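Comments concern the structure below.
Per-chain residue numbering starts at 1, and chain names A, B, C, D, E, F, G, H, I, J, K and L are given in the order in which the chains are listed.
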Amino acid sequence: MRRKILVIHGPNLNLLGLREPEQYGTLTLEEVNRRIESFAREKGVEVEIFQTNHEGEMVERIHGAMGIFDAIVINPAAFTHTSVALRDALLATAIPAVEVHISNIHKREPFRRRSLISDVVVGQVSGFGPDSYILGLMAAILMMERRDEG
Amino acid sequence: MRRKILVIHGPNLNLLGLREPEQYGTLTLEEVNRRIESFAREKGVEVEIFQTNHEGEMVERIHGAMGIFDAIVINPAAFTHTSVALRDALLATAIPAVEVHISNIHKREPFRRRSLISDVVVGQVSGFGPDSYILGLMAAILMMERRDEG
Amino acid sequence: MRRKILVIHGPNLNLLGLREPEQYGTLTLEEVNRRIESFAREKGVEVEIFQTNHEGEMVERIHGAMGIFDAIVINPAAFTHTSVALRDALLATAIPAVEVHISNIHKREPFRRRSLISDVVVGQVSGFGPDSYILGLMAAILMMERRDEG
Amino acid sequence: MRRKILVIHGPNLNLLGLREPEQYGTLTLEEVNRRIESFAREKGVEVEIFQTNHEGEMVERIHGAMGIFDAIVINPAAFTHTSVALRDALLATAIPAVEVHISNIHKREPFRRRSLISDVVVGQVSGFGPDSYILGLMAAILMMERRDEG
Amino acid sequence: MRRKILVIHGPNLNLLGLREPEQYGTLTLEEVNRRIESFAREKGVEVEIFQTNHEGEMVERIHGAMGIFDAIVINPAAFTHTSVALRDALLATAIPAVEVHISNIHKREPFRRRSLISDVVVGQVSGFGPDSYILGLMAAILMMERRDEG
Amino acid sequence: MRRKILVIHGPNLNLLGLREPEQYGTLTLEEVNRRIESFAREKGVEVEIFQTNHEGEMVERIHGAMGIFDAIVINPAAFTHTSVALRDALLATAIPAVEVHISNIHKREPFRRRSLISDVVVGQVSGFGPDSYILGLMAAILMMERRDEG
Amino acid sequence: MRRKILVIHGPNLNLLGLREPEQYGTLTLEEVNRRIESFAREKGVEVEIFQTNHEGEMVERIHGAMGIFDAIVINPAAFTHTSVALRDALLATAIPAVEVHISNIHKREPFRRRSLISDVVVGQVSGFGPDSYILGLMAAILMMERRDEG
Amino acid sequence: MRRKILVIHGPNLNLLGLREPEQYGTLTLEEVNRRIESFAREKGVEVEIFQTNHEGEMVERIHGAMGIFDAIVINPAAFTHTSVALRDALLATAIPAVEVHISNIHKREPFRRRSLISDVVVGQVSGFGPDSYILGLMAAILMMERRDEG
Amino acid sequence: MRRKILVIHGPNLNLLGLREPEQYGTLTLEEVNRRIESFAREKGVEVEIFQTNHEGEMVERIHGAMGIFDAIVINPAAFTHTSVALRDALLATAIPAVEVHISNIHKREPFRRRSLISDVVVGQVSGFGPDSYILGLMAAILMMERRDEG
Amino acid sequence: MRRKILVIHGPNLNLLGLREPEQYGTLTLEEVNRRIESFAREKGVEVEIFQTNHEGEMVERIHGAMGIFDAIVINPAAFTHTSVALRDALLATAIPAVEVHISNIHKREPFRRRSLISDVVVGQVSGFGPDSYILGLMAAILMMERRDEG
Amino acid sequence: MRRKILVIHGPNLNLLGLREPEQYGTLTLEEVNRRIESFAREKGVEVEIFQTNHEGEMVERIHGAMGIFDAIVINPAAFTHTSVALRDALLATAIPAVEVHISNIHKREPFRRRSLISDVVVGQVSGFGPDSYILGLMAAILMMERRDEG
Amino acid sequence: MRRKILVIHGPNLNLLGLREPEQYGTLTLEEVNRRIESFAREKGVEVEIFQTNHEGEMVERIHGAMGIFDAIVINPAAFTHTSVALRDALLATAIPAVEVHISNIHKREPFRRRSLISDVVVGQVSGFGPDSYILGLMAAILMMERRDEG
């Protein structure tokens, strides 16, 4: 049976490509999603992609993933720094998650350095532009393979 | 006329019992709610129970309680530490409120020690598992009795 | 062609006038909005007014303003201090914005002194009661005039 | 066999009712103790009550409770914020304890927000006036019942 | 009788227009003053304008304003962040004051974020270039009108 | 009727004169007490002097002063920096108190700069050697005179 | 030969009595000065009194006191918290100085708790209203007597 | 011409697999290196691998990479948190670098959260066990591809 | 003449062996004392041992040691972190002291890292279980020998 | 045409040589100035020297230097740590400046470590006694030479 | 079979005795080593002694001790406060270690109070001059004996 | 006999001129060294120049300078902020040292503001490009001359 991975995009990412290109590049979310899907196909995993600007929706999407998805690749964007509810949702559902960031959050405003979820996810990928998603997906796949091996 | 108390459960509490049992116990929200209702009946007060994962809904539920409920028993969960809007809603409506927490928040991550509402509620009950709700309800009832006396 | 300005009221402002009059005055939101509209008419600009208690809605309202509004006058209320998503929405859309506060935020709780948007807006007006909106509107108009001149 | 609970009042509480009524109410310690005893009788538990202004006496009273009392309800008053010895006594004897405060410590001076025992007790009740003791007693009783059930 | 408003410019503002144009614009102090006077005439209030590089002179100018001026519009420039004496002068004379800043102080060095007077003035206007003075003046006028109404 | 003033010496002051003369001088506590008594006689007030190394005793001595003494002159020594119980005793009894220190506490270890009672006493005298007591007594006398006048 | 003491009043003290009476009392500076002079006469010392709102003048007045005055009694008011130049002047001239404050600076804004001169003066008197000057003068006199004895 | 990537292992990584398996897994450095080489072969890039326990050697190895390697994948281990010299070497040579960590540094001691190089590398991969190197290598390859495209 | 050493055990140490064995081991205080006495006999020094839960008693025991004991070996337990009075007693009596801790205080709660006496004792021994006392005694003996040599 | 350099001495430097010799040496300001002038003559540059105890005068002296002096060598003394106005004057006039300190400010009180101008001057020389001025002058000369070369 | 203990001296200790005698005494490293060897012989354990000024060498010496030495007595000197690599080496090899310091690090510069290894060693001995090594050795021997007993 | 000065260049300075020219200029280390030597010849002092990327080597080079060099001019580069061992080497050998920095360290990352050696050297020169070495050399020469005079 094929692995299922849920990819979550946080607030304002619907503007990707239109917004601050020196920070986030010129690919639109649509184009990034196509790259994600293509990489997933190539690797033989199934992905579902979800974007929201609402913290409550993100929390409930994670709740709904229990028993259905094997892993989550999440770019919580602004919620990274402000949402304890998101942290609690990840803790509660205990689905292995990979945190990704498009920009290198360590080069930006100090408040972006604090992630409220970084210690409840498996690991973090940050700074590689839209490729952060590809790397995050690959991290999730390797992680599942190691568990099968282990 | 019977007292009316609004009980509010914050984000992720819909997963209660399914989630981190060492932290939150094994009772489901359903079961906790039945205990709350049974205790309320026994004490002769009316309760209405509400759960949400959305900050905006919690704020508006509190707005809507003005003139209808005599007290609020609230477990804001993650919003305890992040929602100034919740604080402002409690300040604005001025309904006497009791803050409850299932786990002892002082035994957990440092950021859980800061409550943005603890100085605008009447008092706080923390650490007694689902019984925190029963104690919170009793606190609200005693509080209303003292006002009648005073 | 007439200038268009979007005026945004943040959470709990729907209770304005009913709530903490020593802090926020006795005018209702309805009455404040009428003053805003009357001042706009007098100055020959068009305004649209929006209130929400939901962070996600505020973010999406700003997204939707791109290409339609020339400026935003925003009182983010509680979100001022907690919403990185709001900051990112303003950064992403790059519509010139004026931040207004009814009360003087520097006379209140320490956590109200930190604004997450003050360095991404053009400027800030704080402490003049409902007149803060009038001054904010005037600031936006002057700002647009200077750009035309410049 | 009946449950035995030790109730401990910390320094200056002998002045209760005479002292800062806006902060602590007008009931004297004598009257509060009578309420505690009456509630205990009603619930079928035995209580012993102890007040001291001496840190060493409080520590030794807790030592002496080992093997005799099933739970402690303690309002350490000023020692809450300054006594590591009290913390160590609670850790050493490992009798389940409930921390209570008459006033809401989160509405007062910043140094009162730090409790040196809050993470070594079962839970905390704060802000309900003398009823905090009644709620603390009830918390201890519920806690013992759950253990019997569990 | 016409309202009288004292406008105070702090240190280094005599160099306005010559100095750091990307920060403060290209209008000279002379030109800004003419705009202030013209706006005052239009609004039917009297203004007196004063610039100083000396903290002691600023303090004494405020002392001398007691009983003569109805309001102060003040841009304390560098003294904003370092002068407790200025704060005390405003507290002592109790003339309603509006604090203005040409640049958006929240976009600059961290020490410029702390204003020693922001909590003793009525309100603050910051970031609108020389128009900050116009807005400050208008704020003072609206403030006086509201008092008359109230 | 003669005024009665209670003079309290805190821990280790029984060693005065024997101990660290470069810090505390060479007068013994006995000699200092004689100076205090002689000054009191000269001014026509009655003094009672008390030294203790026990926080609990100091607290209870203050309790016992209610209704008997008109003022307290207190050098809490080490308890200045560590005793919230002392602070609460002063708050509870509300007897006007003057805080005195033999050495200039601002020239010593940083932790000696924090006094837990300085904001609940009338005023503080620090750094004048044993004369700090004489000045503290005189402060108490002047304070009582002003109240009589006022 | 008679002792000479220089009394220095810092900024805004020229408004004493007119200004914030709940903080500083209702005596004018004129009246306080007369009390100082009368107390000095009574004690057989000569005083010269100086008030300034200018830091530079205060510094230079202290320079000019070298070789002429035996002691300084100084209330630096706002400069207490902001003037390193004042500290350096006291260090440089090495005239023994007594720091006085009319209000209890420990009951006010946090930034008033830091004195830049408290560790370079002999001692500090704070909180006794205008009597702080009388106590400061007496401290200076006792200090000179002890040196003569010693 | 084939891309060349330098892989650097920091101090104590020579003990990998022998050391704290719950933290770092059971693969030896030898085995990890073989995985790295195999992945590189598969992707058609050349890798050179270097381990050192000496900060100076690491600095000089980076100097020596100028003009020879197209990218660096570096796990600085302990030097991450203590070496400004390493940061300066990366800044000076300006070879694009990817920072990798075997364990999730956000789950460990607080001082491990501060990386002195994270804002001078392109991006960071952390927490995926030895797979962090594979992901780091892939990140470097994608990064080079994007530059060719761009 | 034989050297005399005073050994002081702080609060809660009377429970040693009964209390938290993973932290403090299983030897009782009685047994530890016997080891101390046996080691002292072997080394030809006299020891006196004292335990107290009262800060005041500890202070006075140190006062009483002046002129009688050559050195103090002290485990202040909880008072390590909270007692300025203890620090002052050691400073005042100036008897050379060795600070010992049974557990390694650097592995425990952060507030246990601050010792209020560590910079007024000769040295510190921490973390060797009950052997910390033996090492402390030996340190005191070596210290006295070096003084004799020197 | 000869280069012109303005040398500015800050507050209390008029007492140089008379004041704290262990900190500042025994040369008077007069003697230091003669050394400065002699060194300037030797190097063929013109110097003008200015001392003030008034922040406002220092600010205005810098304003007046625009267009006349090629460089400033400034020892702001106490103003180093407290004057944002001085910083703004240097920023506004943009004359290249060298900051000098007679004593090594890093060996003194912590508040002397913060310089409000160090990041707006070209460089800083600190700790070489009166020779700091000579080195500062030489730094200014080298700086001008490099610009001519460049 | 005889126990083997590795004694490590950190940077600059090769200058012992020649360097800052008031801080470190007058014994040379040679002489200290002879004392260590003599004490070891007396106790029947084997010691090997190693000094280095290179962090990398210290790390590798610890690696090389695995399987050969039963315990390490280490004075990391300056590396105590700066070397995470040393900490990791001790964690990785898991050889029981005793940390020793010649001077009392709590009496020195604040940055010397932070030890990066104190929570990964068994215990710490600090302040007894060269005897700290003797006590450290004895601690290691007692520690090994207890393990044999236990 | 000619004075001998040791000039030390810290890590990464071997890349000078090749590296970040906007920060460090375009002169290579070779060229800077020639300037240093030429200035030394002109002033009649002997210099020896040493560059290293290894902390241990720098420490040992300073050890080796005892008795041979009269002064050290040192640019510790990155070690400025991280090496307590370097500080200890300077303290131990007590050779008068001058700290130099090519760039103005106060204009850069916050962690570059902390120098671990600035309070153990005679003085500091910072910000004048390669001329900082020339000024440092001159400072050392003047320092030696003053000692001869003094």
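The rule is short, and it goes like this: a residue touches a chain if its C-beta (ideal position, glycine included) is under 8 Å from a C-beta of that chain, and two chains touch if they have at least 3 such contacts.
Note that the structure is a prediction, hence the values are computed from the model and not measured.
Q: Enumerate, in label order, the chains that touch chain C and chain D alike.
A: Intersection of chain C and chain D contact lists gives B.
Q: Touching both chain E and chain I, which chains are there?
A: Of all the chains present, none is in contact with both chain E and chain I.
Q: Same or different for chain I and chain K, where same means more than half of the interface numbers show up on both copies?
A: same
Q: So what's the Cα centroid distance for chain F and chain L, whole Å?
A: Each chain reduced to its C-alpha mean, chain F and chain L end up 55 Å apart.
Q: At what distance in angstrom does the C-alpha mean of chain J lie from that of chain D?
A: 64
Q: Can you list the residues of chain I that touch 2 or more other chains?
A: Correct list: 54-56, 82.
Q: Taking all chains into account, which pairs touch?
A: The list of touching pairs comes to A-B, A-C, A-H, B-C, B-D, C-E, D-F, D-I, E-G, E-J, F-G, F-I, G-J, H-K, H-L, I-K, J-L, K-L.
Q: Along chain H, where are the residues that touch chain A in the complex?
A: 104, 106-107, 115, 118-119, 121-129, 131-132, 134-135, 138-139, 142-143, 146
Q: For chain A, which residues are in contact with chain C within the complex?
A: 10-12, 14-15, 18-20, 52-57, 77-82, 111-112
Q: Applying the document's contact rule, which stretches of chain I touch chain F when the two form their complex?
A: Going through chain I, the ones touching chain F are 54-56, 59-60, 63, 82-85, 87-89, 91-93, 116.
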